[in-house]
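What follows is subunit A paired twice: with subunit B in the first complex and subunit C in the second.
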Partner chain A sequence: MNVERQRSASRNRNHHWYENGQSAFAGELLELFHGIDALFLSWAGECDAAEYAFPTFLPAASLAKLDYFRSFPHLVTFPVTLDADEDNLSRFAEGEPMDQSGAVNLARLAPVCDVLTPAACYHFYPLFKGDVLDGPRYVTTRATCFRREAEYVPLERQWSFSMREIVCLGTAAEVTAFLDGYRRRISAFFDEIGLGIEWKEATDPFFNAPKNPKYLMQKLDPVKTEMVFQDRLAIGSINFHRNYFGEAFEITRAKEATFSGCVAFGIERWIHAWLTQFGHDAKHWPKLP
Partner chain B sequence: MNVERQRSASRNRNHHWYENGQSAFAGELLELFHGIDALFLSWAGECDAAEYAFPTFLPAASLAKLDYFRSFPHLVTFPVTLDADEDNLSRFAEGEPMDQSGAVNLARLAPVCDVLTPAACYHFYPLFKGDVLDGPRYVTTRATCFRREAEYVPLERQWSFSMREIVCLGTAAEVTAFLDGYRRRISAFFDEIGLGIEWKEATDPFFNAPKNPKYLMQKLDPVKTEMVFQDRLAIGSINFHRNYFGEAFEITRAKEATFSGCVAFGIERWIHAWLTQFGHDAKHWPKLP
Partner chain C sequence: MKAETDIRGALREWVLKTSTKITAGELKDDMPIIEERIITSLQIMDLILFLEQLTGRSIDVAQLRPGVFRSIDAIYKNFFEDGSDER
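Now for the complex of A and B:
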C-alpha cells in the first residue's frame, strides 16, 4: 500500500519525494500549495488575525516548560552543531565525516539548546510571555514543523511538513466561540467543494500513552477534534488548550491565565486529499482564492 | 556596537530577535520581507526561471559529495533524533531532559543522515542528478538556510536566515552571460533606488583557509562577487561554480559536465540595508512589486 502510494507520488514531476520523509514542489502543485494556504489566510482574515513569520528553531527551554520532552521524546528533532574547538573540528574534518552507510561520524557536540518546532503555534506563547490581554488576541502563522516517525509516506506522514494555524488567546468563552465558529466555517467549505471529511475526537500521540496522565485526561475530556479524510487521514484539527499555555507562559486575560485554542491545517495532507478527491488535472479542481 | 544594534532591532515591535540567532517578523516588516522576495521573483521571471519549494533537510551524502564537511565543519547544523528504542526514550523522558543551563541532556542518537541546508541552491544539483540538458536551465527557490557562527547579530548574521537564489545550469558561455546580465540588472536597480552598494570579489569562509586548496584556488581565480552594503555587509552575491556541481552530480550539457552559477540574496540582510538606508517609516520606502 505504502509502496504503491510512493510510486504514485514520485510519478508526478511537480512533486519530488525524499527518502528522508520530505517533499519538494514545483509547477501546478506549488501553485496548489500556495492556493490552499491563501484559503487558510483568507479564513484567518475573517477574525483579523495578525500574521507572523517565525524561525525554524524554538528554544528547548520553551518546550521543557510544556513537559514536551517527557510527553513526546519519540517525535522531537534537535538541531546540533559540532563543538567549535579547533581540535574538535579538525578531527572531524580530517577523519571520515561520513561512514559507508551514509551516516555522519559526529564529533563532540556543542550544547544543544534548541529544537525544530513540532507545531506552528508553539512560537506564539513564548513570544507573548507575560502579556496582559485586554481583549481576545487572534494570530496566524505558517511554519515548517518536524516530527520524527517510524515510517514516512509522501504527503501523508513526513518528517517535516507545513502547518498553518489560526490561534485565539482569550477567556474560555472567547476561545470556545472562536473554535465553534471556525468549525462551522470549515464544515461549510467541505460541503461546498465536496471534500469527504468527518470530524472525529482524537488524542495526541503521547509516548507510553497508557501511563501518561495528560493522555488519560484527554481521553476523559477530549480537547482535539480532527478533520478526517476518507476515514483514515487527519488533514487538520481544532484544539482547545484550556489555560495550559496561559499558565506556562504567564499570559493573562480578565485577570486569569488566558485560555487558548487553535485551528491547524497540514498543507501537504490537504494536497494529498485534494489530488485524491479531485484528480491530478488542475482543470477539474475547485477554485481557490 | 552589536549590543546597540540588537537593542535597535528589538525596539521594533514588528521584529523579534531570539538569542539563538534568529528573527521573527510581523506587520510592515513581514510585508517588506515579502515585497523584497517578490522583487527577486520578478527578476527570476525575466529568465523564466521555474520556481521550486524545497524541504529543510538535505541528505548528508549530497554535502559529502561536495566535500562540504571538510571545508565548512564549523558552519554545519545537523538534525538529530533520539534512538527510537523504547528503553532509550524512557531513560530520556524519565530522567532530566534538560540541565540547569538550558541544554538538553541527549540520550543515544539515531544515525545522523541529514543536514540543515547551508545554501538554497544545494537542493537543485541532487534533484537534477544524471540529467542531460538540451539547453540552459533556469530555476529559482527561496530556502531557510543554516550556518552556525561564533556570534549572531539581528538581521545581519543569523544561525538561520532566508536566501533566494536564481540559478543557471548550462555551458560556460550560457552561465557567464546569465551572471553578467544579472549583475547589470541588479546594479541598475541599486542606482535607481539609491542603495549604497559596491561589488567586491570575495572568498567563501573555509575552515583552516590557508591550508585548503579550494580556498587557494578561489584566491587565484575569484568566482564570487558580493553586493556589499556600506563597505561592511554582503547582502547578496553572484557565484560562478565552474563545472563543480555538474561533475559531482553527473549533470551534462553539450556532452560535458554542466557549468552552473547563481545569484543569491540574503533577505534579512536586505531588510537591514533597507531600514538603514530608507528608515523605519514605510512611507519613505521605494516602491516594491
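Now for the complex of A and C:
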C-alpha cells in the first residue's frame, strides 16, 4: 500500500522525496505550497492574528513543563552536538566518522537542552509566560515541525513537515467562539471547492496510550477534531487546550489561567489531498488567494 | 447500595480532597469537573480507583465513553443509578 502511495506522489516532477521522510518542492508544487499557506494566512487575517516567525529549536525545559517527553517520547527529535572538549573532538575528527550503514560514529555528546519543534504553537506559550491578557490574543505562525515515525509516506507522514497554526488565548467562551467560527469557515471552504472532508473526533498519538492518563482524559473529554480526507488522512485539526498552557506558563485572562485553542494545518498533507482530488495539472486546481 | 445522598456526599468529598481548585461552597453537582480542569489527567486514575471501591466493581477503562465523568451528576447517573452500565 505504502509503495503504491509513494509511486503516486513521486509522479510529480516538482516533488522530490527523500527516503528519510522529507520533501522538496519546485515549480507549480512550490506555488501550490505558498498558495495554500496564503489561504491560511488570509483566514488568520480574519481575526487579525499577529504573525510570528520562530526558530527551529525549542528549549527542552519548555516541553518538559508540558510533560511532552512522557507523552510523546517516540516522536521527539533532538539537535545534538559533540562535547567541545578538544580530546573528544580530536578523537571524532581522527576516527572513522561514518559506519557502513550511513550512521555517524558520534563521540561524546554535549548536554542536549533543546528539541526540534514538534508543533508550531508550542512556541507561543513560553513566549507569553507571565502575561496578563486584557482581551483575547490571536496569533499565527508557520513552522517546520519534526516527528520521528516508524515509517514515512511522501506528503502524508514525514519526519519534517510544515505546520501553520492560528491560535487564540482568552476566556473559555472566547476560545470556543474562535474554534467554532473557524470550523464553520473551513467547512464552507471545503464545500466551495468540493474537497471531501469529514470532521472526526480524535486523540493525540500518545506513547503507550492505554496506560497514559492524558490519553484517557482526551477520550473522556474530546478536545481534538480532525479534518479527515478520504476517511484516513487528517489534513488539519481544531484543538481546545482548555487552560492547560495557561496554567503551565502562568498566562492569565480575567484573573484566571487563560484558556487556549488552535487551528492547525499540515501543508504537505493539504498538497496530497489537493493532488489526489484535483489531479496534477494546475489548470484544474481551484483558485487560491 | 448506599443512599443517593451518601454517594453524592462521598463523591463531593473526594473532589474537594483531591483538587486544590475549588471550595465546598463553589462545588455543585452539575459542575463540569473535567472540562474546567478541577480534576486533571493526573487525578483521573485515582477517580477510577475511588469509584471501584465505592461501587465494589471493577471498571474497564477501555470501555469508558466521553462524558461519563463530566460532573458529579454524570458520575452518579453512570455508575450508581439503577440500570447504570458502569460506562
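The rule is simple: the second predicted complex is superposed on the first by the 289 of 289 C-alpha atoms of A that agree within 3 Å, B and C clash if a C-alpha of one lies under 4 Å from a C-alpha of the other, contacts with A are read in each partner's own complex, and residues count from 1 in each chain.
Criterion: contacts are C-beta pairs under 8 Å (C-beta built on N, C-alpha and C of every residue); 3 or more make two chains touch, one makes a residue touch a chain.
This is a predicted model, so every value here is computed, not measured.
Visitor: Please tell me which partner, subunit B or subunit C, touches more residues of subunit A.
Guide: B
Visitor: In the overlay, answer first, second, both or neither for which of subunit B and subunit C A:243 touches.
Guide: In the superposition, A:243 contacts subunit C only.
Visitor: Check whether A:89 is in contact with subunit B, with subunit C, with both or with neither, and answer first, second, both or neither.
Guide: first
Visitor: Mind working out whether A:52 is in touch with subunit B, subunit C, both or neither, as first, second, both or neither?
Guide: first
Visitor: Give one of first, second, both or neither to describe whether A:116 is in contact with subunit B, with subunit C, with both, or with none.
Guide: first
Visitor: Examine A:173 and indicate which partner it touches, taking first as subunit B and second as subunit C; both and neither are also allowed.
Guide: Touch status of A:173: no partner.
Visitor: So in the superposed three-chain picture, is A:188 touching just subunit B, just subunit C, both, or none of them (first/second/both/neither)?
Guide: Once the two structures are laid over each other on A, A:188 reaches no partner at all.
Visitor: Tell me the contact category for A:282 with respect to subunit B and subunit C: first, second, both or neither.
Guide: In the superposition, A:282 touches no partner, neither subunit B nor subunit C.
Visitor: Quick one: classify A:216 as touching subunit B (first), subunit C (second), both or neither.
Guide: second
Visitor: Which residues form the common part of the subunit A surface touched by subunit B and by subunit C?
Guide: none
Visitor: Could you list, by residue number, the parts of subunit B that touch subunit A in their complex?
Guide: Residues 16, 18-20, 22-27, 30, 33, 50-57, 59-61, 64, 69-71, 73-74, 76-82, 84, 89-90, 92-94, 97-98, 101-104, 106-107, 109-116, 123, 127, 144, 146, 148, 150, 159-160, 207-208.
Visitor: Quick check: in the complex, which residue numbers of subunit C touch subunit A?
Guide: 34-37, 40-42, 44-45, 61-62, 64-70
Visitor: Quick one: in the complex, what on subunit A touches subunit C?
Guide: So the residues of subunit A in touch with subunit C come to 201, 210, 213-214, 216-217, 219-222, 242-244, 247.
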